[in-house]
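Look at the two complexes coming up: subunit A is in both, with subunit B in one and subunit C in the other.
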Partner chain A sequence: MAISPAAQPKMVNDGKPPLVNGRLKLRVLTKSMLAIRVTLIALAVLTVIGFMTFNYQEVHLLKGIATTFVNFKTIFASPQFSHFTFPEAVHQLLITLSLGVLTTLIGALIALFLSMLAAENLSNKTVSNSVKGLMAVIRAVPTVLWVLIFAVSAGLGSVAAVIGMSFHSISYLTKAYSESFEELDQGILEALQGCGAGWWQIICQAVLPSSLTSIVSWTFIRFEINFGVSVAMGAAAGAGGIGYDMFMDSAFYYNLHEMGVITYMILAVAMLLEYLSLQMKKRIRA
Partner chain B sequence: MTTLLQFKKVSKQYGSSTVALSDVNFSVNEGELVSIIGPSGAGKSTLLRCINRLIDATSGEIIFDGMDVLSIGRRNLKKLRTKIGMIFQNYNLVERLSVFENVLHGRLGYKTALVGALGFYHEEEKARALEILKSLGLEEQIYKRCDQLSGGQKQRVGIARALVQEPRVLLADEPIASLDPSSSKVIMDHLKNICETFGITVLVNLHQLDVALNYSDRIIGISSGRVVFDGMPSALTHDAIRQIYGSDPDGLNLNVERPKEVAQKR
Partner chain C sequence: MKQHFLMKKRLSFLGFLLVLVGIACAAMTMTQFSIANSFSSIPKAMIWGCSNFYPTADSFTNFPDIMLKLQETLLISIASASVAAIFAFVFALLGSQVTKINNTLAAFSRFIANVFRNIDVSIWALVLLFSFGQSSLTGYFALFVASFGFLTRAFMETIDEVGSGAIEALRATGAHRFSIIFQAVLPMSMSQLISWVLFMIETNIRAATLVGILTGSGIGFIFDLYYKRMDYHSASLVVLAIVVSILVIEQISNYVRRAML
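The block that comes next holds the complex of A and B.
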């Protein structure tokens, strides 16, 4: 196929910017851009193939979607209590929140120490690499799986949930904290070393004050994650709380109205957390 | 005059190939203001950092105040560092802390790990820090956070932090490289004043030849890690400048005589 000379991008190095169809190109197609495009196209093709080859059995796709929307309408348009009362629901919600708080706190405390060992500028290369490697392995396994792994020895329930969720929080926060420590200006560490300050003094007087904002915001992000996971753990690992009620409503009582109530309550809490974290960050930054 | 600092055949090698200092010999007397000049990459910063062991020299001997710097142990290293104040081109302050807190960091070397980490300081230390801040014209800024200060103010905080250490020597690594001419003059005047009134020895890395000529008692010129000039400012001839910077002084827009006259008018 003959390509007209005007359609062919000219070489960049002949001194003039490349022209396509008489128009100036904004950027040159690089290898990485090409890779991104190929990936996107491949994903689109796979999605279409996937939908065409699904084994739908008795389910009709469009009818299924329609039913889902009807269920959504029941859940969200007519929430109603039946098996428990509002105070009971709040109590369960608090249990779920506590699970989130507890695992985040445990995770944050341990991660704070580990991250000092993991940060290359505060530790030595061997220690840093081994801590980072270990954390990467722990992080690669999803939280839910850790809970199930610990359930082998602790039994399904809140203990396994606390240990498993803390475990994953530690590795997540260690990475986040240590990266914010590594962003610290090397010159500040040098200056304090030059004053004769020791390691702990440098940590408390320079490293922590400088990275306080990012420590708080990472911890809060993890708390939001942990709150979501706590809801799921109530159902999947029998850790109790609002998630368990939701599971019972959906799988046993098939009470969509009550599910609606629970969903709204969880949503309210999530929004409250978001608002709190924004306020907290503002206050710290000021 | 007693010798405070002595370099004997000091060399520093980074990795296996980069030689930053080779066979450096010089000595500095108590109360002198010595400028170290040389082109970028000559090894000026490396030289200063060898004195307080922020960088370990590869070989040779550094004697500071009778101590063999390269062979002292951990405890003595801390003691050595309290006697050496240092200021930097980028100030290197903890931006989120107040001026006062940053200045008191200079006392950390005198404290046990726990007391220092918690930031407990004696009343006398605080009073002394305040006095120093006042003498540097910073009394109105003491409770400001350091990220709210101008460059010149930050550098004065840096000087204050070094001074509360009660050091014998002040190392300044390009202290005026990021400052405008008038702030530069303020900083250099403070350094000169510190040297003259407290008798603190000052070693300052400079890129501004005119400033070096105006303020120093002595100039050390280094090039590619070697000392190629060591003498009074008046002895810095065109030949010496050519040897330090590797090109003709006329081509560098420098006039050795002229800046001196300017300085006298200031």
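The block that comes next holds the complex of A and C.
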């Protein structure tokens, strides 16, 4: 039987030794090398074009950078409360955290069902692909736009913020959950099907118990992300919480000292959450 | 015994659920979030969206403006990710376990990456607004700093994962630090690093919308403009432009990732 051309080993440079001017060429231009080079060149060119076309509005670059360093010094070296007190700031921080919690829980609940449809071993290919496609479209709309779009009918506030922020959580968690479902041993599913177990029985007795650790870990990792998102939504979409105070200090009071306090508080919480979610990631890999 | 085991399992699961419900209730009172309101707002939003939030022929007169801002935003996202990648690579080399120069520098670069990553891009935008005003540079630097923090971390992990084998072998031959970097570290991790940069560009485009709303530049600004004017038809055109560009960029970077393997 003749070997098909596709099955033959691929010859770099048609099997000839890559000689250039009598010297052995150490690196041969393969397809992947070419792709890397083209990508690098394209990024470099686009970066240069970007710098040439930016709308500078007569801002002096070096002066701006110098002012930025001075501002950073003010922020980090002399934080000080003026418009609110420490307990109030903690209260606002708790509101931001609560927004994150609600978003994560709603996202997790909906994603749990969608991920069962998106996992290829639990549903069929058509359903799985259409759910994944829907998630890609949802992810393409930035969170802040989801929140603002919902704010038109629901009014600015926690309801619009939580619903708008949930969209990205749903899409992120659906992907994460369905991938952990797909890791499940096919033999277990077949064994249960062979016993005559229904779909729900398989989900409840095999799928959920075996992927519970990774579900909990992914949910927490998303919570870490959602904390950052809810800070941003407080600033940009009137969701309240510490992000809104930050926005007011920056855009209306021009109070760098108070921004310093807020930055430190957010940084502390974010680092704590990151430490915890790193622990969670280790549990997924184990 | 068996009964007892199942009972215990169920009870602990029930306890876990109760704790979650408790946290949810606390969070709801904290933020004055009402489930009833949110359920009723979803169909309301859908009806509103179908009747108001679509581009009309009229809104297409704004199309050139939108495209101009979109182009600016895309370029800012790409430029910030690319330049941040260069800085991040240097810091990642200093911080990685296999290529570090000494422990003090490694700890320093890890600390810098940690601080930069954990301060959200919105905070950077608000801080930079003081010094750069409503120019593209505010958005550029905000995205740059956020990309730098994230990429340093990602690059560090990539370099660590690439493995110390080849690096040790080169070091044993007495190779200079720069030849180790350019002959072993870079070629082995290049496709991974580019893949991270592409991911960063995608993230930056989404973040650029947010930064634009906060700082008044780029595509976020033009959305905010139409949104506040209640010109929802034009605003929907902006959303459509963002969605299409993000999906296209995702396709391009997926293609590049496959070609690089």
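Everything that follows uses one rule, which is that the second predicted complex is superposed on the first by the 237 of 286 C-alpha atoms of A that agree within 3 Å, B and C clash if a C-alpha of one lies under 4 Å from a C-alpha of the other, contacts with A are read in each partner's own complex, and residues count from 1 in each chain.
The criterion applied here is as follows: a contact is a pair of C-beta atoms (placed from the backbone, for glycine too) under 8 Å apart; a residue touches a chain by one contact, two chains touch by 3 or more.
Just so you know, these numbers come straight off a predicted model, no measurement behind them.
Engineer: Should A:200 be classified as contacting the first partner (subunit B), the second (subunit C), both, or neither?
Structural biologist: In the superposition, A:200 touches subunit B alone.
Engineer: What is the contact status of A:88 with respect to subunit B (first) and subunit C (second): first, second, both, or neither?
Structural biologist: Neither partner.
Engineer: Is A:210 touching the first partner subunit B, the second partner subunit C, both, or neither of them?
Structural biologist: First partner only.
Engineer: According to the contact criterion defined above, which of subunit B and subunit C contacts more residues of subunit A?
Structural biologist: C
Engineer: For A:46, using the defined touch cut-off, is the partner it touches subunit B, subunit C, both, or neither? Pick first, second, both or neither.
Structural biologist: It touches subunit C, and subunit B stays clear.
Engineer: Taking the superposition as given, does A:162 touch the first partner, subunit B, the second, subunit C, both, or neither?
Structural biologist: A:162: touches subunit C, not subunit B.
Engineer: Check the residue A:183 against both partner chains and state whether it touches subunit B (first), subunit C (second), both, or neither.
Structural biologist: Neither partner.
Engineer: After overlaying the two complexes on chain A, where does the subunit B footprint on subunit A coincide with the subunit C footprint?
Structural biologist: Of subunit A, no residue contacts subunit B in one complex and subunit C in the other.
Engineer: Using the touch definition from the top, list the residues of subunit B that touch subunit A in their complex.
Structural biologist: Listed in rising order, the residues are 52, 54, 77-82, 84-86, 88, 90, 92-97, 101, 105-111, 113-114, 116-119, 158, 161, 165.
Engineer: Where on subunit C is subunit A touching in the complex?
Structural biologist: 20, 23-24, 26-28, 30-34, 37-38, 41-42, 44-45, 47-49, 52-53, 71-72, 75-76, 78-79, 82-83, 114-115, 118-123, 126-137, 140-141, 190-191, 194, 197-198, 206-207, 209-210, 213-214, 217, 220, 223, 227, 232, 239, 242-243, 246-247, 250, 256, 259-261
Engineer: Okay, in this complex, where on subunit A does subunit B touch?
Structural biologist: 185, 187-188, 190-201, 203-206, 209-210, 212
Engineer: Which subunit A residues qualify as touching subunit C in the complex?
Structural biologist: On the subunit A side, the touching residues are 31-32, 34-36, 39-40, 43-44, 46-47, 49-51, 53-57, 59, 61, 64-65, 67-68, 71-72, 75, 94-95, 97-99, 101-102, 105, 136-137, 139-145, 148-150, 152-154, 157-160, 162-163, 228, 231-232, 235-237, 240-241, 243, 246-247, 249-251, 254, 256, 259, 263, 266-267, 270-271, 274.
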